[in-house]
Each structure stands twice: as structure tokens, then as C-alpha cells.
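Given below, in the form of C-alpha cells, are the structures.
In what follows, chain A forms one complex with chain B and a second complex with chain C.
Right, the complex of A and B next:
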């Protein structure tokens, strides 16, 4: 049994306990050992909470990120194969994959910029535009849709005061539609950054948004 | 059969047995029995991703339909390209292609030579069942000569693979995915600066990539296609002249694996306007004192013959052109030798460097920017002048005997060119300083208006055919020069390009053994391979 003394709100069947802070849930914004602290770099893209502050003009790559980039290169037979994790790392640093970033990554890996653009646009988890601190992805695929995903989506848009795909004025929220999040047993599923919120109903939305706002304010 | 049995397999396609080498794909094997399996993504010059799913055929015993472009033929296989199942599969695929296709054939440049049109007409449904609105992309300027209509695209990625594999400059890519996918460059960084990107327009099986130069100029079914040779450099790429209303509308590459494969460069592709240039010489012009009079051919040549013999006593100097075919140059040389001989020079612009097609490195935009410099050198003519095709004519200009100019308008020379000569004869297509100064101006045809051969940089003699009718009284130079020669030597005159070439072969060892029939549409190498001066 886990010795975590609370129910993780990301687990199925529990959407109620949003009064927990990030520290209470994870102890830190990173899970496990960060690559910066010697952890394995392959886990880099799977950490649910990445650096809260993104700098779209950050260099590709410097300091610990340079070390991670070089570690990534060692895991692949050629530079082209390292494109996906490199784009992931660039997004981690810069928050989104801009044309400027694609160009930089292409140069790093000796690929044509157009090729990098093709790959980056193929995958939906690379943000091609700047996103808010919390990227709210509402599943609107079949199961969720039958259980009212459209209403959940509408509620998120209303309570975060944004348009679909746009970022709220305070820079906290971007709400987007997602295809199936593989949580069809727990509709509606909402992915916020890398964490799942399941069985979300429109009534849950204000609580979630308030919680995130508080968390965002706390992180500044 | 020369192949050993182990290297040859026999299979049945649509009820007909066919033997092919091991490793042959079903698509190529089917071609051998005359079945052209519909396909988009497959192209002989590119890799086969088997992604268009249009070449599906039924293979007996196989659990699924097989893509003919990548499925290797196997011994004893029984393949149906036109069984009900195969037609059903392809009809289904075609229906999907039309879900988002705008069907704007009436305003599409590709209409009439479009594979989607042809295949749907042959194998598609008579109406679509999709009731969803079509997605709309509009058009995108890729830069260079290329325009992209995303709605028409069938995502075969031939263009992407051409840029990656053949030009090896990955400017194009598939952006986004699913029904949002489009071909695009890297944002506003287009195809500018590429030298072969015009080929993506030829590769496009539908009207998604079209040429800006050709846009709305002509309908495909109005064009006549004439096999020819690109006159823009010494590579001698095999091309087709597409003509309408006696004008060249566009150039397209013609397959020849030994010269240009399936490709041609943008420089050559777009360099054709000079053929259509209207300011043509249309009748023989003879200077009489201060006036110039247009004459018929017989009168003009009679007058010329009367003066030619006497004037030639002080010697003959000749300026030829590397744009002239072998036949013209040989007829010129024969006449000059009959007049007592004289030096023949030619000028040829030379580009700074070669532009090699990386994926097919035997092809390049060569430095010599004329099609027949090699032919001229093989006929003993000497190259003079600067790299921009000017100068070098001091010896000719000051000559006091006969000066003959063939094909070179002498644009860099003043009106006093060869002012001291006894007789200046100009055989050319367009007026210019040479025509202004000449005593006799004889209108001749361009390569597009006559039959003939060019010798390319490696010594390959290649034929071209007349695509346009010549303006006015213009005649091929070999006919004019041959008539003069025949009259002077009291021999039979040449009446066909074939005979002009035969006379060239008889008098020049380098061309020994060649005939028009041997050369055919693929060309033949000369026996002598003298390097071009400067190489």
C-alpha cells in the first residue's frame, strides 16, 4: 500500500478534494529525481509538473538542459531519431514550439527546418502557440461527449473567461479540446498540464479553476 | 531467355502469364502485360512509401489487398488487377479521395492530364456519398515557380520526396495530420533559391502544385507535344515542347535515364520565351547600295552566288553559333571548305559553376549555356570570346573577304561590324547588329521549327523534332547552306534533315556510324570524345 496520506485527486472516482496544495500531493513540483539532480533524462517529458516559468527566448540549450540534450543524443542511433525528445525538451524550456524554436532544433540536429515543422505539427502535445500556465485539455471524444463533455468544456471556457484555444488574460489558462485521453471509464476526463481530472461535471469546474488559480498565485 | 531460371519468376496477372526478374514489383510486372495499375505515390524516380493505397490489387491467397507498387512478384502468384474485389477496393479509395477534393476541374490547370480525373472516370463512383462540408485551404505561394492548391492535394508526397531524395534540399514537408494535412514549406521560407523545384509540378499527379508561369495559359488538351532537347545548356536534357497557336507554352522533361532521368532544371524550364519572340526575320533581305530589299529565296541565293565566289578570294571567316544543330554546322562547314576554307569560330556563354542535381549527379545545369558547343568543336570550330558570350571577334570584324555569320545576332557588336568586308552574309532568326550590317540576310529557323540533332557535353547526339511552323520564308540553315553548296559544286541538294545528317556522318569521323534511326528518341554517343575547351 502506498503511504501517501491522502487520495490523489488525479485518481479515478475522486474529484472532490481540491483543497490540497501541490506540496501536499507531490512534495515538490517534480516527481522522482529530476534530471538536473542526476535522475535519468528519459523521464524528463513525463514529469507532471515542469518548471512553472517558461522563457520563450531561452537558449537551446544551456546548463543542465545542455547536459540533458547531450544525454538524449546518446540514446539514439542518429540525430534525426532524437527529434521528438529534443522538441519536448525545447518545449519544457520555452513553453511552446515556435517557428523560431523549430528552426533552432533543426540546426541542433542537422535537419531541414521544414522536416522539423512537419514532425512538430503532427503531434498534438507540442504546443505550436504559447499556452497558459495551465493547459486544460477537455476530452470531447465519444464516451466523454455522451456524458456531457461539451458542457464541461463550456464551463471551463466560462470560468476561465477564454475562447477555445486562447490564453486567459492573466496568462493562467488555455482551454483546448482533446481527442480520447484513454479514460473512457471515467468521463468526462480533463487533463490539466499532465494530470488527469476524471468524472468531471460542469459543477466541478469552478472548484477546479479556483484551485488552479490559488496554485498559480502561490507559485509566483 | 538469358536469365537463369533462379533469377526469373513466372506469375499470372489477369489471366496472362508473365516472366519477370526476381524482385520486380507487381506494378511493374502488370505493366508488362499492359495493365497500368492506378497509383499516386509511386514514381519511378522516387522511393515507394505505399501510402496512397490506390494501387491495391487482389493476390490469390493473400488475406488482404496488396499495394502493387511495393509487393514483390513471387513465382506462381495469381494476381488480379481488375477483378471485382480489386475494382471495389480502388473505388472505395477513390471515393475517399473525393471527400475533400473541390472538383474544380473547370478552373484547374491540371484538368485533362490529371490522374485523379482519369482514375475516377475509369474506376470511381458516379456520385459521392459524402454529405459533410469540404474542408477548405485555399492556395499558397511556395515561391519560385510553384503554386500550391491544398484542396486539390491527394497527399501522395511525391513533391516532398523529390525535394528530400533528389534535390536533397528538404524544403517541403507534410504539415499537420489527418484531413488537416497540407504540403508546406518552412513558414515563409519558400522554394526560392532551389534550382530543380519546378519538377514538383510535373510530379504532382493532380492539380495541387501548378506552375505560375503556365497558370491559366492553356488547357492541356489544346497542347501539342513534340519531343525535343533543352537548348539552355550542354546537358541536353530530353524535353517535350508543349505548343499551342504556334507558340511554345511550356517545357516538360521527357524520360531518358541516361541523360536527365525524369527531371529538368528551372533554368531550362523557364528559358523558352526567346523561341516565341515575335521580331523574326521572315524574308531574305539583300542590300543594294543604301537600301535593303526583300527578295524570294531563288533571287536572293542567285545574287549571293554571283558575289560569293569573287569575294571569297580574299578568304572566308565565319562566326557560327552553338545554338545551331549539327546539321546546320556541318552544312556551313562544307560550304566554307568549298569556298577555300577558313576559320569558323563560335561564342558560348559560360556560367560560373555547374548546378548538380544531387540525387542524380550525372545531371546538372552545365556551365556551357548552349546545347551544341560540343558538336561545334567536334566539327573543328573554335570557341572564342568571354564567359558572357561577348567579344572575341576582332579577327573576323577586320576581315576584308567574306564574313558569314550563322545564328549569332552579334548583340555586343556595333553597326560597323565587318565594315571592311567584301561580303557579309547573316543567316539568323532575329534582327540585330549582324542583320543591320549584313549584305545578305537569310532568315533561318530556330531549333523548335526544324528537325535536327544536338551533341551534348558528353558527346551524345540527340534528335529533336519540329514543333512550330517557321515564320514567313524562314528555312532551316542546312537547307539554305546545302542549296548554296549544291549549286556551287553542281551536286544534288539535300532535301531532308536525315540526308543532311548522313552527309555530316560521311565527312566527319567522330560521328561515324550514326543514323537518325539509331539515335531515335534516346540519343547515341559519338565515337570521338574530345573534351570541350576549358574543361
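Right, the complex of A and C next:
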């Protein structure tokens, strides 16, 4: 068990065959260190984060976010190709991609609102309606499922006191089922906002939920 | 070293520095010989690089197993339009988790592979299409790429060679189908990730209508090693038709799940019993899916003498796919797991082709009915008929992938279906 059990109760570094800290496994030296304005344009689309603080009325885009948007545009032969990264950026600042937001993105990229609607609704990661401060995505696909993902999912619903796909009354949690997150060797994998939690068991769930509640305002 | 466990039977070429956080730093990578293969490639010239990769016999690691060098050779030799290299990092086949490890432990190895491939196919722009869920992984890659730009390994006049290659990290929006190469190209262009009809093939009309090549992360990670040591060197591992090493992603009911780099042709039972420390809780083996959820299930008997190379797995009755070995013990509810896989495909079907869109949804309904004890024996025949109509009748192979677990499970584990169906009848009568 890690010394910081709330962070990632069974993170995969502590198998006894490696002497690594959680930070080293996650690459914290690299993750979250690049500036909001996007850093080098080659990686400007490597955002967005999913942030706890969401402002559905945030402008598209201002300040450093505008810089990042413009850097993204420089990397493609046409504006349309920037659509997915731009939708991601819009979701980062607003928390979800409403029809209103899609229209805004359409205008920015010179595309028709109907076209953007058609593309945005094709992809699952663009939240079509508001989500809680913490979007909890539990993988229940085969590899995790074989190792008890349904129980982990049940525990998250119980401890966050919410229904699948709904947001808890306090606005903190939205729990959804995720398709394979490509961490099949570390079951059950749960993505909470931008972060992967691996080797999660039902017994870990209350600790994770309590931690998120405590972090509340500032949690990642 | 494969992470998070180590086995002394591994051959560590691509995974040599897994578990070593220093490897992410450009200085460390260069100290350990990094970017020398790129330099060598520039000296060799494009055609010699392609010939060397051809000689190695390296086959695409994304699932199809198409020879990488041959794929590159389809690209025009005298470019009249921009060429694009697309690195497929949209890893989303259930059971597969190797590309994430390659990207987060050794990002420069991927970048160097992308550069060499771009050079070989005469592309000045490459995109690394990362699945959207990889927030953490993608940032490791982006930071590494930024460092490589700063050191002059990417961008204009790389290492004074006169070659310009730009790389851009692109992020997806969460759609399995974007891992299909033409779906990926559509998605990159800002469209719905629906696969395209082939021909035209990407080497003629690809991303943005230009000649393009799509390669998997693992394929490209092997390229620097092949350029450095030569194609024959790579052939010291594996079989005649499936040369080299391969990352095997083992998940499910084993004691030590994880990625293991092994020579192709490695015996499946040795992988489970020796490399992975045997079955969890000492239970008996029931079934294995050897190549990710899209390939047929093997029962314990078929596993017994299955060798893990492209031909060996085919002989055993399945496909190697991306070598995602999902192990199931004697207590596994096969019907439930098949239902879960079909549920995935029904969710991920892009909706273009009727057999897939309708077929996957109907199949899911039937499987749910059986699982709840309301199925009939005719349902099994219906599903077999549907699978036949869903195979080879659509633009891409997602539809075929629905049939693979359904047909193989009905053929090999029919008793489990019948038990559920007959118990259902009894419940109905009562």
C-alpha cells in the first residue's frame, strides 16, 4: 500500500519488483508542468485538463487560453482539423460542451453549427451536459470486469450517493461507466477528472471519495 | 523491463527502460545512445531505411500485422504533394495497454521512431494521435517532444542534416473507432471518426487527401533499434514469418498481470504459468482471448500448445491481434463477459453500416435476455446467423469483431448458454 492511500490505493509501482514512488510512475515531473498558454505549439493540444472548477459562461477564448487556441491552429493545414482540440479546450474552461458552446466553437473555426453538433456528439468525451466537480469514470470492460469492476462501480455509486450518469446533490460527483481505459493490467482502472487511479478495489472507494470531498475546492 | 513485473525470460528491446523515470529526460535518452539511429537514417537515405525495415520483417503491431517496410514502400518516391506520417496512439482495444506504457516510460523512443518513419516516407509533418483519455500520458509525450524540439532533434534542419520534420500531438475525443486507420484520418481532419472505404488506400489518398502512412506506437518504437542494428539483427528473435519481439499485455486472472516483452512464437502456457506467475488463487484455466476483445476465444485445450506468433495463434483458432492476452479462470461467467464485449461494440459502432449498427445492438439485446434467464435455444442459432451476416459486409472490421467472441463462445462454451437458457425456462414455468 502506498503511504498516501487516498491518492491511489494500489498504484502499480509497489509490486515489490521496483523501487519507485507514485510521482515517478506518474511522471509528475512532466505532467501538469506546461503553461496554460500551451508551451511549444507541438504539444499545445496535449491539454485539456478536466478541472474541478467549471464556468459554463467562460469566454471562448481569452488570455492564455486564446494563445493556446491560436497555437493549435498553426499545426494543421486547415481550421476544421483543429475542431477536436478546440472542443477539448472549450470543455476545459466551461466543464461541458453545450449547444451554445458548440455554436461558439463553430464560429471560431468558420464551420457551420450543424456540422460541429454532428462531430461533437459523435465523441463520448465531450460532456453534453454539466458534470460534477469530479467526473468518475469506472472501466467495466472485460479485463477490469474479470477482476471485479462491477463491485467497484457499485461502491462508487453507494459512497457518492448517486445514480449512474447522474450528478450527486452536492454537485461533487458524476459517476459514469467507461470503456476500456488501456490500463488492463492494473484493474480496476478509474479515471477521475484527468487522473488515472489503478488497482482500485471496492475497499479503496470510501477513502478515495472522502479524499475528493476533503479536497473539494482545490482538488485535482 | 516490463512494468510492473519483471521476468528473466523477457527480451528487453523496446521495454528496456520501463520503470526508469530518468528515461523520459532528453539528456538521459541521448546519453544512452538516443537519436543516433535518426542520424544514421539520414546518412543511409530514405530507400535504404525502407529496405532495412523490410529486411527486418517487422510487422504492424496495431493488430493487422501488415509488414511495416512494405507499407512505407507504397508511398510515392517523388512527392508532388505533402506526405503525412500518423502515429496511432489511440490505444483502445479492450485488453491492450502497451502503447500507454511505451509513451509514458520512453517517449523519446516513440519520437525517434516517428522521425525515422517520416523521413523514410518523405513526410515533413507527423501527427501522434493520442486517445483523449490519456491526459497524463500525453503530457509526458508533449513535454518530451518540447525538449526534443529545443535540442534540435525535431523541427527545422534536424541535427544539421537539412531535413525538416515537424511533429504535432493530437488528442482524440474518446471513440474506439478512431483507432481504425481511416477513422483516425477522418478524426484528425476534424470529422466524425467514421472509417473510409478502401481503396483508395492511405498511401494514395490519406489524411487531408494527401499520401499518408499510419503506424502503431509499438511498430514505430521498434524502428530506431532496427536502423541501429540492422534488419538481420532483429530477426534473431521470433519466427521466420513473425520476426522480432512483441509486448504482450497480460490481464485477467493471473498472479502478475502486466506488459512482457517476449520473442514472437513464445508458448502461451509458459507466458501464463511461468512469466505471469500462474493463475490467480491456483484456479484452473478456462479460456484465453489472445489478441484483444476482437478475436475469437480459445478454450483451455486450444491454449495448451498455442505459440504466440501471428501464424501460431491462427493455427490454434484465433488471431494474435495486438497480443492482448486476457486470461479467464474456471469461475468466469463466459456469457456475461461476451455480453460485456458486445456491449462495448454496440456503444462504439460508428453507425455507418447497417449490419454493424443494427447487428451489434440486436446482439446485445439477445445476450442480455439470455443472461437474465429469458433466452431460448433458437437465440443461439440466430446469433450465429447474424454473426455471419455481420462478417465481411461492412466498411471496417468492427462488425466482424462483434461476431468473433459470440461465435467462438457459442461453439466452445455452449453448455453455459444452455444452462442459463434452461434455468430461465424453469423460472418461467414456476
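The rule we apply is simple: the second predicted complex is superposed on the first by the 168 of 220 C-alpha atoms of A that agree within 3 Å, B and C clash if a C-alpha of one lies under 4 Å from a C-alpha of the other, contacts with A are read in each partner's own complex, and residues count from 1 in each chain.
One rule holds for everything that comes next: contacts are C-beta pairs under 8 Å (C-beta built on N, C-alpha and C of every residue); 3 or more make two chains touch, one makes a residue touch a chain.
As the structure is a prediction and not an experimental result, all values here were calculated from the model.
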item	value
Chain A residues touched - chain C or chain B, whichever exceeds	C
Which of chain B and chain C A:122 touches, first, second, both or neither	both
Contacts of A:80 with chain B and chain C, given as first, second, both or neither	second
Chain B versus chain C as contact partner of A:103, first or second or both or neither	first
First (chain B), second (chain C), both or neither touched by A:112	first
Where chain A meets both chain C and chain B, residue numbers	111, 118, 122
Residue ranges of chain A touching chain B (in the complex, touch as defined)	99, 102-103, 111-115, 117-118, 121-122
Residues on chain A engaged by chain C in the complex (per definition of touch)	12-13, 15, 17-18, 20, 24-27, 29-34, 39-43, 45-50, 75-78, 80-85, 87-88, 109, 111, 118-120, 122-126, 140-143, 145-147, 178-187, 191, 194-196
Chain A-touching residues of chain C, taken from the complex the two chains share	3-6, 19, 21, 24, 82, 91-97, 99-100, 104, 130-136, 138-146, 149-150, 154, 166-176, 187-193, 208, 249-253, 256-259, 289, 293, 324, 326, 328, 332, 336-337, 340-341, 344, 347-348, 350
Residue ranges of chain B touching chain A (in the complex, touch as defined)	164, 169-177, 184-187, 189
